[in-house]
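Note sheet for the following structure.
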Amino acid sequence: MEAKKIGCYICTGCGIGEALNVAALEKVASKEQKIPVTKSHPFLCGTEGIALIRQDMANEGVNALLIAACSHRNKTDEFEFNIPLLDRVDLRDKVLWVLEDGSKDSTAKEDLQMMAADYLRMGSVKLKKMNAPDPFLESGFSKDVLVVGGGVAGLTAAKEVADTGYRAILVEKSDQLGGMVARMHKTTPTLPPYRTLEDNPVQGLIAAVEGHSRIKIYKGAAIHKTQGAPGLFDVTIHAGGTETTERVGSIVLTTGYNLYDPAKLDKKLGYGSSPDVVTSLEFEEMAKAGKIVRKSDGKPAKRVAFSLCAGQRDSNHLEYCSAACCSYSLKHALYLMEQYADASAYILFQELRTPGQMEEFYRRVQEEGGVIIKGDVEKVEKAAAGGLTVQIHDKLVRGKEQLEVDLLVLATGMVSSVDTTDPNNPSPVGQVAEDAARYVLNLQYRQGRSMPELKWGFPDSHFICFPYETRRTGIYAAGPARRPMGIAETITDATGAALKAIQVVESVARGAAVHPRSGDLSYPSFRAEGCTQCKRCTEECPFGAINEDEKGNPLFNPTRCRRCGTCMGACPQKIISFANYSVDMIGSMLKEVEVPAEDEEKPRILLFACVNDAIPALDMVGQNRSKLSPYIRIIPLRCMGSMNLVWVADAMSSGFDGVLLMGCRHGDDYQCHNVRGSSLAETRLSKVSETLDRLQLESDRVKMVEVNIMDADTLPQLINDFAAQIASLAPNPYKEF
Amino acid sequence: MAYDLSFARDVYKNSEMGHWIKMCKQCGVCAGSCPLGPHWEFSPRQLFQMVRAGKKEEVLKSHSMWMCTSCYNCIVRCPRGLPITHIVHGLARYASVKGYADPDQVTNRFATRIFWTNIVSTGRVGEAMLTMRLYFVDGIAAGIKQGLEMKDSALGMLKAKRLNPIPLRGKIKGYAGFQAMLTKAQELEEKRESGV
Amino acid sequence: MADDQAAGQTILVVGGGISGLTAAVEAAEVGYKVLLVEKDPHLGGRVAQHYQYFPKLCSPSCGLEINYQRVKNNPLIRVMTLAEVEDIQGTEGNYTVRIRQNPRFVTEKCTGCGDCSRACTVTVPNPFNFGMNEIKAIRASHAMAYPGHYFMDAAYARSAEAQTLVSVCPVGAIDPNMSATTLEEKVGSIVWATGWQPYDAEKIQPYGFGRFANVSTNMRFERLANTYGPTGGTLTRPSDGKEIKNIAFIQCAGSRDHNHLPFCSRVCCLASMKQATYVRSQFPDAKVTIYYIDLRAMDRYEGFQKKVEADPSITWIKSKPARIDEDPVTKDPIVVGENTLTGVRYADPYDMVVLATGMEPNSATTARVPAQAVAYDEYGFVVKGGQVLSTGCTATPLDVAAAVQAGTAVALKAIQSAARRG
Amino acid sequence: MKEYTFFPGCSSEKSASAANMEHSVQSMCKMLGIQLNEIDDWNCCSASIGYAGGGQLPRLAMSARNFALAKQQRGNTDLVATCAACWLAMRETAERMEHEPEVKADINTALKEANLSYDGGIKTRHLVEVLIEDVGWDVLKSKVKKPLQGLKVAGYVGCQTNRPFGIVGESYENPLYLDKMIEATGAIAVPYPKKVSCCGGALMFTEVEKSCALVRDLLQCAVDNGAEVIVTPCPVCQLNVEVYQGKINQMFGTQFNIPVVYYSQLFVLAWGGSWEEAALHQQVVPADALRRFA
């Protein structure tokens, strides 16, 4: 690879030229930082400015660019040169716009210049330390997709994958495909006018999948082992007594749901007390079989009560709502009324939930005579004449009422079938065959065999904005496995998961990362000899990307990696780094800041800011022209998770008076794009006082705060208060060294 | 037995606009829209749920339906498009025809015995006669009392030539046909109401 | 691309809200060319106007920012703002579309320095804040707007002052004489993701929006709570600037109503619960009342309902209020109706009443699909069966997470469709 | 001269409660060159509480007979009503005959007994709609000779002229046509929130206290907002709000004495008609506030 030749280009537009001594800045770059090519231009992002840069690239052999202008979030198209080595120094938004205009006041002018120069220095060093990432590419990457679970979600995912031209391998634990939906009679309307029941789609799906040239199916199968990583998963499948290993690129988890065990329900609902108390699935099967009858004596069941929320929305059972039961129960009422002209269907609801166009289906069921009752079942007894007497608390006519019915149907809720576990207490990886039944994928991951859960056993990790993400790269859950949902939504969801599965294999083939740093070609490399087997990296990786050998040395899986740098931040030995991001790089940057001598009374405060939220927020502070302390120096981090404690020590020993870290919200409603980055940083910082004590410094010189992207209005005070508080302390004694 | 639907089904079929009762989703907008709302023992939506719950006696004996001023607020606001005013009128009629309605309920009495007789006897409302009958329905004494209470207004009307104690006009010209038409209509109506 | 995949067929995505943005980015990250067309000057659609998302109470900008980064870093995505699709010809796999590019009056040269906006003396009702405050006639839509470069209101562009701004711009980016252009593009498949507009609350006459100063709507309330909103985020009411410490939310204001939107808009219940937390966190002594027919916090969102229900200062009344009156003196809105669980009638005054208005699909009104074969349902949602694929709230009312799922799913259907020769 | 078939209704008969409306309407139409051809031998529309005694079919049949006569006598000429209740009953009958074939059949079986039949075709309109759509605001304004300068009028639309059908193009909660009419006469339409509230309607006969309470609130609201006169298009409203003021004063110790007139009376006066032509001599509460314009 040709030698790196850096070109530094300073834009003097947007008032930079007037406010700063650009000649002096050019000197910092050329003389002090020894940047071979240093130029300035009044309108760098304009056609001329860009042309100037391109000329140097063509004629001077410039192949690394340091662009000192505005925030890296502006003018990205203009400053796109398709080269890996480029860094932006923000002289406008984070210097000019946040400091007092120095036109009158000489100190202010001096502060402006110092800040600009420091950022130029840091940029120069960063670029010097930056190498072009060399993408992780291997022969043997597979683009096939493994789909686990052969219900509607799985069938859909497999079909969609195959229809897009990729090969799918479908694994189903039972002997036939179709899952839960195969046991259903008809499905709720999905098409206008949303009034009539639709034929069960499952047979059609099964036919399509079984007849598809690009789909391979394993039935009666269990996965005994899932080894490897995206592009390189080796999945050991046991079916019909034989073991096969398939190499796949990604995995779609569509194992669906189990119904909440009706035996666990409150006694008052009467399940088990009479055969005429049934679950909604039992009712489905009865309708599918043809005749709706009393289980007790086989007489036609014409009066049926449907009790919604049988366990759902109940902290003693399922805290969440199962989303589909209301519509399903309305459908069941319609089965009944379509079978018997003189039927009586009672829908006992808490909150009748028929979102979107399903409201029309609700109307249809009432039109047919279905009676809605907001009420609870309080007691169920066998009636003399057979059937049941159900005592309800009727909230609309306000009183206790006795219902005489032939059947009471309990709409039990959905429970995720994905085995999940707290990633902090992983189940041991070892011989897994014996409890294969317990685990779906049997991941051979150092952090455990299961999918880490977000809540209630559902395995997604970036709920709301990026619902497909999980903490196991290249493995996407879809359908009720990830959130209670009906058939129509499941089909959509499985289609989306199919796309993500294809997307990851294509990204892997390019050596590129997927969300949140999609397209990033860098990945961690590691200097084995320095490793002390402390296991921090393997334990802390939010995505379980790193395995261990028997000695406890980390085994990196680049295609599992999301490039957040948490491993790098965790490593006390500083032996994990990326081609374009390393402990040394950030360390060198902060050391490059010129720390004024004590008597100048210009403290220096280092500010580590997460690029995802804190940096955009700081840009907005600039847009608002809010003023910040001239003593701060900002270094953007990929994620707070990449924050290595050594930087704090470095900052202190090189004379910074304080360090402020700005990460994303953590806790239950975490906003960290890497799930645990900011919380891990906080945990590490809790140990920082030791470091400070060792240096005999006050521990409140270092502080971490949660910053939301919309905090531009509160940030200035937060930063300036910290600056004031630091200023109130004695200067850092290490300045002189 | 609660929620036995035989009563509801008869109302759906034989009470004017009764089938709409099926469609109520119990939002309560009707109750709040009614000018005499506080005077209803059961609001329209309560009546509807009670019909579905099979509470025949409570519904039909209740005075609630007779509280309707026919302001039509409920109709234009009902999110399910129930013609509530007409349903309530229907229930009142149903209660009256089936003999559940309290015969002494003032509006029932006036509507069925006075107003209707008044218009069918001539073909048009005779306002003087109507008010007289209304006042004297509880007997002479009560009538005079009522009359005296309203005498200022009555006198005012007389002065304004907007009330005529001696009806100018007898029956409408086509009264015979009018009556025959009504008889036939009533006959058809009874057939419908009896559910055959 | 997979072996037998006909590559290079561009996917047209119409609408740059969360659904369209997701569809575009997901398809492009598989390796397909995408043309993203947005009628506003910025991407982000409705979600950009929200203060926080339920249930995490976090800013939409956080997720939008990362999506914008994905757009910026992906050469396969071409974004057109202030653009509308006027005509669609051809068949699946081989469409020709005519796109109208409305003038921005500011070129890509713009550095976002803001000099023009500071020089501009004309203000207009701020559409991003539903006209609740004024904003300069040349501007960026809002603080997080992407693309970041400025635009000028067409009416202002015709003014004399607009011409004077030309010389104000240090980089010569302003051109008030810019005019609309149309261009033709060949695309393989089309995703319609034009989203929704808040149902016009004035049509819900009994609630007096437009007649009563202190009757507002849920979308307006999102702006009211926002730091960049008309009040800088302090919750005060229009009539007298009084702090909103006693507030009511009325659910199904227009939704589930045959006089208005017969369908359920799905998100309004959760939105009101979320907005209740805005009030409660800003004023610890505030009281909130929520009038509802059915509380619809589907699936995992139930957890959020439980959380909000735990707050004793929030009262829940199962009732569709009949009407709102206004106190002639205090201008307090008075909510009138019947509590269906107690049978008791109420007439309760509040500092402000927020109508939880529903989602009206733009495809029913301002964004009809200009193609020969389009399938709508009776409400104007675009459904299966026509030439274009629809997603997000163009197909059915959805919350953000579900819209992202749908947007991801439609990206795959669009990839398949683009490869198919009609 | 524009002609319409006319259904006055019982209250508009000579010496009936709405005689003042009938009289002023006739004067107004004369001034506009409109001829109202009364249906010969019409019968009561069976409105308000006819449902209880009559049930649906007899009730509807009564309006149907009027349609049948109108058709015989005047063909499909628009049928105009001035009474809210009549207008509503006619429209309801027409609508149900149109949408419910069996009802239509039954009605005709009944009509047959009177040697009549009706299968629809006549459009029922409220006189107010004729004024707005056929005459037009400009003409209504141009006719003004004696503008009712400074007169503060509360426009009381009431219920049945407004719901469930309502005047074309008007809203249920805040109809504006009556205020526009008031302003067209040069008077001031006082804003007050009760313009579409209920006067008790037919229940004034039986639920006197309850109904009077409603009217009391209405009067109070109008007076509080500075009204000197209340104007209404509806004979039921007019009767209840005007004639019962004495009773209300007894009941609630109030002092109401505010004239309640019809829009037709205002127009006739403003257009230079005499006190008598405007039938203002037929008020129970003397319309003194209008004297200064006579």
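The letters A, B, C and D name the chains in turn, as written, and every chain counts its residues from 1.
Definition applied: contacts are C-beta pairs under 8 Å (C-beta built on N, C-alpha and C of every residue); 3 or more make two chains touch, one makes a residue touch a chain.
Remember, predicted model here, so these are calculated numbers, not experimental data.
Relative to the whole-protein C-alpha centroid, the nearest chain centroid is that of C. If you average the Cα atoms of subunit A and of subunit C, the two centres end up 24 Å apart. Rounded to whole angstrom units, the spacing between the C-alpha centres of subunit B and subunit D is 22.
Per-chain Cα centroids separate subunit A from subunit B by 64 Å.
The centroid of the Cα atoms in subunit A and the matching centroid in subunit D are 67 Å apart.
Subunit D has residues 172 in contact with two or more other chains. Under the contact definition stated at the top, the residues of subunit A that touch 2 or more other chains are 352, 396. Of all residues in subunit C, those touching 2 or more other chains are 206, 256, 323, 340, 343, listed in ascending order. Contact topology of the protein chains: irregular, matching none of line, ring, star or complete. Across the complex, subunit A meets subunit B through its residues 344, 346, 352, 362-363, 366-367, 369, 371-374, 392, 394, 396-397, 401-404.
Put simply, subunit D touches subunit C in their complex at residues 171-174, 193. Looking at the complex, you find that subunit B touches subunit C at residues 25-33, 37-38, 43, 45-46, 73, 76-77, 79-81. Residues 1-5, 26-27, 29-31, 53, 55-59, 61-63, 65-66, 70, 72-75, 108-109, 111-114, 143-144, 148, 170-171, 227-228, 232-233, 256, 262-266, 294-303, 306, 340-343, 377-379, 381, 383-384, 396-398, 400-402, 404-409, 411-413, 415-416, 419 of subunit C are the ones touching subunit A in the complex.
Considering their complex, residues 1-5, 8, 12, 22-23, 25-26, 46, 49-50, 52-53, 55, 80 of subunit B touch subunit A.
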